[in-house]
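Input: structures, listed below.
Here come two complexes built around subunit A, the first alongside subunit B, the second alongside subunit C.
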Partner chain A sequence: MAESICRSLRDGALEGELAPTLTIKDSLASPFSFNVFSHILLQLSSQKSQSHGIVIVALSRSPSFYADFLKNKGVELSSSNKWIHILDCYTDPLGWKDKARKSGNVNVVSDQISLATSSYKSVKDMDKLFLAITDLGRGLVGENKVRFCVAIDSLSKLLRHASLQSVAGLLSNLRSHDQISSIFGLLHSDLHEERATAALEYMSSMVASVEPDHHSSENCLSEKNFTQGKFSVRSKRRNGRVRETSEKFKVEAEGISFASISAEDGTTVAGLLPKVQFNLQLSEKEQIDRAKVVLPFEHQGNGKPIQIYDGRRSLEESSGEGAPISRCKNEDSALGEIIYFRDSDDEMPDSDEDPDDDLDI
Partner chain B sequence: MAATRTRGSSFSRNVSTVTSQNSGLKHGPNGTTFLSSGIPDLDKILGGGYTLGSLVMIMEDAEAPHHMLLLRNFMSQGLIHKHPLLYASASRDPKGFLGTLPAPASAKEDKTRDLTNEKDLRIAWQYKKYFDPQLNISSNNGAQQDYCNDLDLRKPLDRHFYSGMNVGCVSIQDSPDLASLQDQCAKFLSQFSRNEANISSAGRIAIQSFCSPQCKFANMEWHMLSFIRSLKAMARSSNAVVLVSFPPSLLSPSCSKRLQHMADTLLSVRAIPDEDKEMAKLLTGYQDMVGLLNVHKVARLNTQVPVILETTTFSIKLHKRRYLVLECLNQAPVDGSSGSSYNTSGSCSGSTKAGSLDF
Partner chain C sequence: MEHKELNLLNEALGFHNNNLYGRFVLVEDTVDTTAAFVLHQILKHSFSSHPSSSVIFLALSHPFSHYDRILRKIGCNLAAQRDNKRFFFIDMLMLQFPDEGKPNDVGFAAVFEKIESVIKALPQDNTKFVTIMIDDISFLQVAANGSSNDVLDFLHYCYTLTSEYGCAFIALDHKDIYLNEEKPAIISEMEYLADILVKAEPLATGLAKDVHGQLMVLHKQHGISPVKIHNFHFKIKENSIECFYPGTKI
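The block that comes next holds the complex of A and B.
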């Protein structure tokens, strides 16, 4: 659910834990991850959260875009210097314009942006990027235990410039930094090898996938695919379980809206488990109950002879006549006798014994 | 709540006895020695513990941190028994991890787990009164508790256990390749070489998340394979257990398969979906489960006879949210209206060395 993702990001990291990280994944069939990204950005800017500042690493959109976006959504920008800062890796990521300017040929026009922006010119160097992000963040929130949040415009762009190892290293350093409250970034999964996507999913605590609706996957050009689709989230909970949720989303002029899916699409659990057996063991309560059961042929140790109900008389009558019935069999010879003729002479004498004599009835 | 014992047979062929000299080691069959994994149920499943000289590999699930539970218990048990420990991980500060190791449970709580060895069958036998009441078989448990402690995951281990000189921590995040780690492991394992008849001490090596993506050598698959191979060879000739956890989904399938084949004991942990109504209907005790553990291979040194387990999939539960407990999966009672109650056996058998027969 988009709501629960925003809530987890707002709640941020606990002491000694890695920061929650969200990766928003999409593909060409349903390329709306930026809408989700901006939706989350808006939620984090407008609502109360653990983080007191946001650092946006802008790689695929210019800082002025963000300024306009926030202004259109009604976020007040005058005091924005205190809580938002953009690391501009869009204008000149590799420092070429700088070099061109130094050689004197090009005049670079810088636009006025109402958001605090710092330009960053060496996107290939992840260590420097990490330092830049943390410096900016610390500049926003100060040195104490106050935390800030990091939004990476496009992990795909980062992967274009740097190797998977360094991007993964950057993410892991960000996650273990004690002043970072949460991280979210977007990824276009069809631009990369599966390994890269798997590695980034491994490092995130929540993975949100933007997918087309199932039934319209045949005709990708249908109009429906341009406005709506399925939004599924897999989040790793603290207890080690994985929560998977799905929603429908719809992209409109004002933004993106989420609605829950009516029909359940149950995943089969069958493949996960081997054959299971029935439980033959007892819980503690069941053991206690079993110990309490009075077995019919056992002395309970209280000196009374056992009442055995043999079904022929009602219980009140048997209280008077219970005594002769329950005595050992040796005594009923008064009522009748059993005369036994041996079958043959070489039968073992032991077979005469009544095996029931061993029992303690 | 379901009972806490696994369904091992009470008749066990591998009779193991505690060695008198040092706690923490146990003689096993075929001239092998065991040391404890820190989890009593896992020791029972593996027939005594991890074999000295073996390489234990844990396949992680990308979505769940259960391999950390196994690692923590392994390391903590070693520190309690004063086995020297070498720990390597891809984080910047591996020493910080030592602060999260569990401590042994206080003695009072120990007793409630193995309380009564109840008589299974009550027979009305008239000669019973001539015998003394049977002594509880729990007299053996006294020695057992020493070998494998119940570790309380909520209580951190006392600092004095790991502030000594016998704990080494290595960070592999910044090293360009595995050569330095290999040298450190070689140096560590040379302390425990298997020349003499008596085992003076046993060592433990724990490597966490071996090929995690932020390591610089994560792309160099053959390099990693040859590292593990030499580590296994070094371990084989020393009195130590090497425990390595790795995420197989981040490697190419062939590399992952090769690593699995190299392991002497192979375990894998898997996440379970949260609030899954189907699973809750299918299994009892679903609410307490945090994950699944599969035993694919059990180390058998000095013999050709494989270990065939009754079941290979166990559920990981936290008893009282403190103690790690492994249980067999139990099916919930099936009501007559629903359909078939048996599932196809899924991904429970990995490599085929210990031909697991699942009925």
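The block that comes next holds the complex of A and C.
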């Protein structure tokens, strides 16, 4: 549940415990991890939590994007530099623009952003990144026991710039830092090998997966897949138990909204029937009439032997093999009876199984 | 009559409200269905989108004469635009980085610096109407000797230009060259990055005389504008392209 994730992140870490970490995972079929990420960011910015500040490590969106986003959602930005700080790894992650400026070819264009931003130009160095994040965080909340939260714009981008070991090391260091309250980041699962995704999932206390409603084998894109889908959360509790929940989500202009999966949305038999111009279902009367139909090879129980014509009268006297069940009954009627249990009584009409499968001819 | 035939494409790309500025458009095609015509159409339209608009074209697969000839057929004079300083053709046909002894990223940084310096040299107000086009990305990979990380870094920097200056960034890539790779490819990374995705694919039913392929244009959610998907078929004619809804070809 999206609400419970936000609550866990807001509650933060206990003394001596690793900080709760959330990984939001998606794929090209339903690429909405950033919508979930920004939703959580908004929740943490606007509600009381253990953390007194947020450090956003921005790799795939510009700082001005975050400033506009928070402003549009009504977050007051004038006092924001007391509780939010962006580590800008988007504008110049490898220092190319810096080098161009040093060689005197390009003029500096200063950007007016309403959020406190520090640029970071060595995104391939995870140790330096860790120091930058923690310095920024301490700058926001001070040196005491006060904690801050870390939001990583894209773990996928980090994995592209550095090895899995160093990214895992970074996450591990962040989790064990005693001033970090919680961490959340997003990951595109189809950009990495399975072991990379698995390693990061293992290090997270909560994994939220964004999936399309229906998995299709072809690469068909429908507008439906691009506005809604399934949101599954797997969270590890403190006592070691793992809890899995699922919700539906819908992406609208205002943002992302979550709703629980209700009974009507589960596929029912009626839902599976194709929409054609003739009626494929049976009415009540039709079902009763159908139950009354006398079927061949079945005893009606009125004591009389039933003669069923099988087209082989000429062989009746001479051979006894290949006889239908009723003939056996003729011979044994004095000694016993054959009780025939219909297996197909348990099945609904129109089920896929061939009713003639039971016959023993 | 040319306008009528290309109406669907123009509408899908959102030319009427200058939808491309500030966005990254990824055009994907295959060997069977080339989408170069999409690039030509965007190129032609970028000059008429605004009186002071300009185009920076990174050419890796064809020389200037090729584009000049094609655009002339659809009514656009590239040579004149180049002389008017509205069309900047950066010829990179001989691009090869490790040859000169410099590492890849230094080479790519130099290319990026060149693009940025062209933008910075424009008058202040005109920097909002710049279109950057790359034809095509597979050659960047060849130049980098297969190192996709360096190509992705370069593409990221080009992408930052869309947010910093409001440029339109258009790139062409071929989907089927990545089919045999086990490792996730550049193309997936770019599909995540793209704001507008244009995919040209052959028809599921195979080759046909009257329909050369199908085009899908996806606009991802951007601010308040909702997700929009356009699907239609196209036929490449001698001097133009005809676009029509499936089944409506007369």
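One rule holds in what follows: the second predicted complex is superposed on the first by the 255 of 361 C-alpha atoms of A that agree within 3 Å, B and C clash if a C-alpha of one lies under 4 Å from a C-alpha of the other, contacts with A are read in each partner's own complex, and residues count from 1 in each chain.
Assume a residue touches a chain if its C-beta (ideal position, glycine included) is under 8 Å from a C-beta of that chain, and two chains touch if they have at least 3 such contacts.
Because the structure is predicted, anything quoted here is derived from the model rather than measured.
**Student:** Which holds for A:47: it touches subunit B only (first), subunit C only (second), both, or neither?
**Tutor:** In the superposition, A:47 touches no partner, neither subunit B nor subunit C.
**Student:** Which partner does A:4 contact after superposing on A: first (subunit B), second (subunit C), both, neither?
**Tutor:** After superposition on chain A, A:4 lies in contact with neither partner.
**Student:** Who touches more of subunit A, subunit B or subunit C?
**Tutor:** Partner touching more subunit A residues in the overlay: B.
**Student:** Tell me which partner A:236 touches in the superposition: subunit B (first), subunit C (second), both or neither.
**Tutor:** first
**Student:** First (subunit B), second (subunit C), both or neither: which does A:227 touch?
**Tutor:** second
**Student:** On the A-aligned overlay, A:192 touches which partner chain: subunit B = first, subunit C = second, or both, or neither?
**Tutor:** In the superposition, A:192 touches subunit C alone.
**Student:** Let me test your reading of the model: by the given contact rule, A:65 touches which partner, first (subunit B), second (subunit C), both or neither?
**Tutor:** In the superposition, A:65 contacts subunit C only.
**Student:** Does the superposition put A:97 against subunit B (first), subunit C (second), both, or neither?
**Tutor:** So A:97 only meets subunit C here.
**Student:** Let me check the overlay on chain A: which residues of subunit A are in contact with subunit B and also with subunit C?
**Tutor:** On subunit A, the subunit B and subunit C contacts do not overlap at all.
**Student:** Would you tell me which residues of subunit C are touching subunit A in their complex?
**Tutor:** 105, 108-109, 112-113, 116-117, 120, 149, 152-153, 156-157, 160, 163-164, 183-184, 188-189, 191-193, 216, 218, 220-221, 223-229
**Student:** Using the touch definition up top, name the residues of subunit B that touch subunit A in the complex.
**Tutor:** Spelled out, the residues of subunit B in touch with subunit A are 1-3, 5, 7, 62-66, 90-92, 116, 118, 122, 124-128, 173, 212-216, 218-219, 247, 249-250, 252, 270-276, 278-279, 282-284, 290-292, 311-313, 316, 328-331, 333, 342-348, 358-359.
**Student:** Which bits of subunit A are touching subunit B when the two form their complex?
**Tutor:** It is residues 164-165, 168-169, 171-173, 176, 195, 198-203, 234, 236-237, 239-244, 266-284, 287, 295, 297-299, 357-361 of subunit A that touch subunit B.
**Student:** Which bits of subunit A are touching subunit C when the two form their complex?
**Tutor:** For this pair, the touching residues of subunit A are 28, 31, 60, 62, 64-65, 90-94, 96-97, 99-100, 105-107, 109, 111, 156, 160-161, 188, 190-193, 221-223, 226-227, 251-253.
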